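In what follows, structures are represented as structure tokens.
Next come two complexes built around chain A: one with chain B, the other with chain C.
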Partner chain A sequence: MRALVLGRVAYRAINALVLFFLLAPLAVVVVFALNPTPFIQFPPIGVTSRWFAKFFASPDFMNSLALSLQVAAATVVLAMLVGASAALAIARGGLPGARLITALFLAPLMLPAILTGLALFQVVLSLGFGRPVWALVAGHTVVAVPYVIRTTLAVLADFDRRIEEAAASLGATPLRVFFEVTLPLIRPGVIAGGIFAFIVSFDQFPISLFLVAPNRETLPIVMFNYMKFDLDGTIAAASMVSILLALAVVLTIDRVVGLRATMKI
Partner chain B sequence: MGEAGKGTTAVRMSPVAWLIAPAGLFFLVFFVLPFGVMALLSVLTGNPMQRPNVSFTTRHYERMADDSLYFESLASTLKIGAITTLATLILGYPIAHWLARIRSRAGHALLLMAVIAPMLTGIVVRTFAWMTILADKGVINSTLQGLGLTSAPLPLMYNEFGTTVALVHIYVPFMVLTLAGVIGGIDERLEEAVMSLGASPLRAFLEVTLPLSLPGIMAGSLLVFALAISAYVTPYLMGGQQVLTLPMLIYQQVAATFNTAFAGALGVLLLVVSIVLVIAYNRVLGRLTRREDLA
Partner chain C sequence: MTSTFTRRTVLQSAAIGAAAIGAPWVAKAQAATLKITTWGGKWGDIMKSEVLPAFEKEMKCKVEADQAFPYIPKLAASPPKDPLYDVLHSNSNEQWSALEQGLVMDKITAKEVPNIKDVYPYAVSEKIVGVTIFTSAVGLGFRTDRNLTPIKSWKDFADPKLSGQRGGYQIPVNSLGQAHLMLLGQLYGKGMTDLDPAYKALEQLKPMKLVDFTGQMEKLLLQGEVAVGIIHDSGVYRYDGQNQPIDFVAPSEGVLSLEQVLNVTPGSKVKELAFAYIDYMLRPDVQKKLAEAVWYSPANKNVKLDPKYDAKLYNTPEKVAQLIQVDWKWFNAHKDEVDARVARIMRG
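Take a look at the complex of A and B:
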């Protein structure tokens, strides 16, 4: 009996420690974003908003934030269109070799993104395009599409195909079945995938590394370059903005489809 | 398979199959083709778009084989990847088990959020967080010195240790989510049956749950390993000059010497390792889904 209690206590304690390991770094960022000392200093000595003021007043950070948001918006639209239609084809098209096709479309999740960036960079460079924004969007979309495919497939796997068949047997044309039955049913999966696409693009580093042009860089790149030389509260403030965004995303996905359905890796 | 309908056994292609076209085209142009170009340029003497007469060469690969720097860098990349994978497995398993077995719905949702929130925070941000924790004037060293436990800061950062800690933090969620899916699929009644026969919970875990979760351990480890060996930001910022991984060398070739062909050759080396991992990962997952189909 005592061993049982001890075991349970150990189980809880280990899990609490791992949770602390996962979440404490995010809390630390918040501490430094609010701490007024010019360099990283612990324990904090007070609370200030000067780092947020500096972040929002810096043209470098603001221009890159604007670019990141624009690229992410374009990525979301593209990834949702391309990804959702691919998921429909995979789940409903009766394609031969569907498993292999799925593996190809999910490959960008596991292949080094830094190589996806390098390879795309070599193509646009060879063709003499320089480093255009559309190449950046294309690169981000390649790594965002797998998320949309996965969330849409998860929803498609869950819903009853007979609903579509019933609509068809009642005389609806295939087009009408698609727009009035299938599309509304997969919408939550597509939206969840789009939200993932947004965060994947907004946080994207390795692909952007090769494809951003000097003086027109995305936020993570600007932060990285800043961090090479200086670790002050501005980076903490920028990081906190990013963390708040991630939290908002998690809560939104949970609201829209439920996290459980979309988190099958 | 619930293939209701026309009574044909073969799966029929439907017009919906055409919806694969946009994604197929997009991936061909922006994913498959670029990797082909990268591989091709790595065996050419120059860029055929810019120079009229180029020929095949193995010089980039010879250079790689001649200089032990590249082999050492590959070895160090794989070593960091292996340690990271092992650590994420040890840290991730308990949380994954909890996530798979927790009964309360609200508890499950909260736990899932706690795992996913760090995952959705950018790598640059999380690396910054670890820099503030492990630096000489960071959270840990300041606390230790404030308490009088150490007189000089411990070397926690700008070395392999700091790099690995930050990488583990970044990849634990991937391990947890992969494992939780597999552990959740194991019938709890198996454990209960063993325990009703007198086995302790620990023994039931070691003899039932752990062996049955092995495919999850395999899949999660392959995933984390593949992600960890391609990391750039974290080894760069946390490793100081002590850690030189393959992705860092690849970018250096482009940024410092603009030798894109040689960067591509190093890329092919990393790509080959990754493709082996991807194939193994898909095999493990394929076997898993087939097992679920049978159950």
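Take a look at the complex of A and C:
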């Protein structure tokens, strides 16, 4: 009995330590964002909203935040379309070399992202496109698609095809089977991949580093450049806004499409 | 068809013609786009809000200013005949690196940029590729609330009492750290390229807090995590009037010069406009505006600064004589071996 209690205490202590390790950096960000001093100081000397005010008053930060959200939204849509289609083709298409195709789609995850960014940059420049926003979206999509493929393939692995066959035998056209049977069943995987795609795009740094155009920079790039010259609480405020936005997106998706139910979490 | 030559139209035409002859880029630069790199922070704010719009209006052109690092890899990855940038703004060490890759011009003269005739010699010395438009003085920043023994020399930085309270840079990635290493060669050896004594001197500075870039050093000083740190004067003076307990000292042996350099890419399709931009950046009024905004020392000899800035910045022949310029060509050629040696010292 005593051993059981000790075991529980140890289990909780380890959990608390892991949580502390994961959340301590966030606590530092919060302290830095709310502390009036223009540098990290512990214990904090007070509470201020000046860094948030500076962040929201800065056209550079606001424009980059808007661009990051737009690019992330476009990336989510494209990554879900491409990723889900590719996953279906890989799982169902009977394609020769399906494993090789899977490996190719996952390659951007294995390569250092900075190299992927540089390679994409050279491609768009050599084609004479300059640095348009769509190239940035394309770059983000390249690194986001593997997440959608993985999560969709995971759902497809447990997919009972007899449900589709039943629908077809009852007279449903292939298109109707897809939209009314297949898509609702693979939706958890596609949405989970979409959430990863959003986070990957919204926080994307190495790809954006090369593909952003002057005056059209994403939030992580503006933050990085800002840090080189003005390392004050504005960066922490920007980080907090980023974290809260990412959280808001996940919660909104949960509310709208029932993430909790569809992902069985 | 009647001719409508009036005295006014003739005079207007003559004025436009004279301006075009005097400044050929005005005539050719119609609606052209100049692609430049520039810094962020307060410098970037002033550039975007005042300096660049005025240039665009004057030259009737558009300026596309890239503030997103890294400039040189991006420039190197772009086609040489259609480079990503027309004007590269960087520190001197990067200009040398760019020159070695054929990305920038070797020298720019007063023929292309007339205001060069008014710059201090250091701005176009043999240590510079392109033209220096501003410089900062790299010396020692220190806490004024630590009752430190007054620092007068670079050698005072090695005072054992400062053990663990010193701040320096990751030498492989920071030019201030690299310049300081070479300075140690001059202080303790036969010259800036005599690095064996410099490595020994570097060893004596351990333990030392190391950072990647100067903004971090500013914060270490403000937080009091270091008592003395290698930093450029602008990184300390920018807190002027904010009641922060930090100050800057220029060591008696001289200060390292951290030049802001502009250069033109050989493949630029708007070269005359690029030269016009550099000329504009060297104008006394533009120099004064930027110098006083970010505490950079102007390269143009004719700039009259307000007393507060005049007292501290390097804007007289006597002050400029204290600037120590680094041979970046030599350093870049030896960088790999320096990095390996420094890594061993810092690990040990």
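Going forward, the second predicted complex is superposed on the first by the 225 of 265 C-alpha atoms of A that agree within 3 Å, B and C clash if a C-alpha of one lies under 4 Å from a C-alpha of the other, contacts with A are read in each partner's own complex, and residues count from 1 in each chain.
One rule holds in what follows: a contact is a pair of C-beta atoms (placed from the backbone, for glycine too) under 8 Å apart; a residue touches a chain by one contact, two chains touch by 3 or more.
Just so it is clear, the model here is predicted, and its values are computed rather than measured.
Undergrad: Do chain B and chain C fit side by side on chain A after the overlay, or clash?
TA: clash
Undergrad: Classify the contacts of A:23 with the two partner chains as first (chain B alone), second (chain C alone), both, or neither.
TA: A:23 sits against chain B, while chain C stays out of touch.
Undergrad: Could you look at A:227 and tell me whether it touches chain B, chain C, both or neither (first, second, both, neither)?
TA: Both chain B and chain C are touched by A:227.
Undergrad: Does the superposition put A:72 against chain B (first), chain C (second), both, or neither?
TA: Neither chain B nor chain C is touched by A:72.
Undergrad: Just checking: does A:125 make contact with chain B only, chain C only, both, or neither of them? Give me first, second, both or neither.
TA: both
Undergrad: Have a look at where A:40 lands relative to chain B and chain C in the superposition and call it first, second, both or neither.
TA: both
Undergrad: Per the overlay, which chain contacts more chain A residues, chain B or chain C?
TA: When the residues of chain A touched by each partner are counted, B comes out ahead.
Undergrad: Taking the superposition as given, does A:155 touch the first partner, chain B, the second, chain C, both, or neither?
TA: neither
Undergrad: Looking at A:212 after the superposition, I want to know if it touches chain B, chain C, both of them or none. Which is it: first, second, both, neither?
TA: second
Undergrad: Run through 75-83, 111-119, 183-191 or 237-245 for chain B and report the one that clashes with chain C in the overlay.
TA: For chain B, the clashing option is 237-245.
Undergrad: Identify the overlap between the chain B-contacting and the chain C-contacting residues of chain A.
TA: Residues common to the chain A contacts of chain C and of chain B are 39-41, 118, 121-122, 125-126, 209-210, 224, 227-228, 231, listed in rising order.
Undergrad: What residues of chain C sit close enough to touch chain A in their complex?
TA: Those residues of chain C that touch chain A are 35, 39-44, 64-70, 73-74, 77-79, 84, 213, 215-216, 218-219, 222-223.
Undergrad: Tell me, which parts of chain A touch chain B in their complex?
TA: Chain A reaches chain B through residues 3-4, 7, 11, 14-15, 18-19, 21-26, 28-29, 32, 39-43, 81-83, 85-86, 88-90, 92-96, 99, 101, 103-105, 107-108, 110-116, 118-123, 125-128, 138-139, 141-142, 145, 149, 161-162, 165, 174, 199, 202-203, 205-206, 209-210, 220, 223-224, 227-228, 231, 235-236, 238-239, 242-243, 246-247, 249-251, 254, 259-260, 263-265.
Undergrad: Which residues, counting only chain A, touch chain C once they are in their complex?
TA: 37-41, 118, 121-122, 125-126, 209-210, 212-215, 217, 221, 224-231
Undergrad: State the interface residues of chain B toward chain A in the complex, per the touch definition above.
TA: Residue list for chain B touching chain A: 2, 4-5, 11-20, 22-24, 26-27, 30-31, 33-35, 37-38, 41, 47, 49-50, 91-92, 94-95, 98, 108-109, 112-118, 120-133, 135, 137-139, 142-143, 146, 169, 172-174, 177-178, 181, 200-202, 223, 226-227, 229-230, 232-233, 237, 247, 250-251, 254, 260, 263-264, 267, 270-271, 274-275, 277-278, 281-282, 286.
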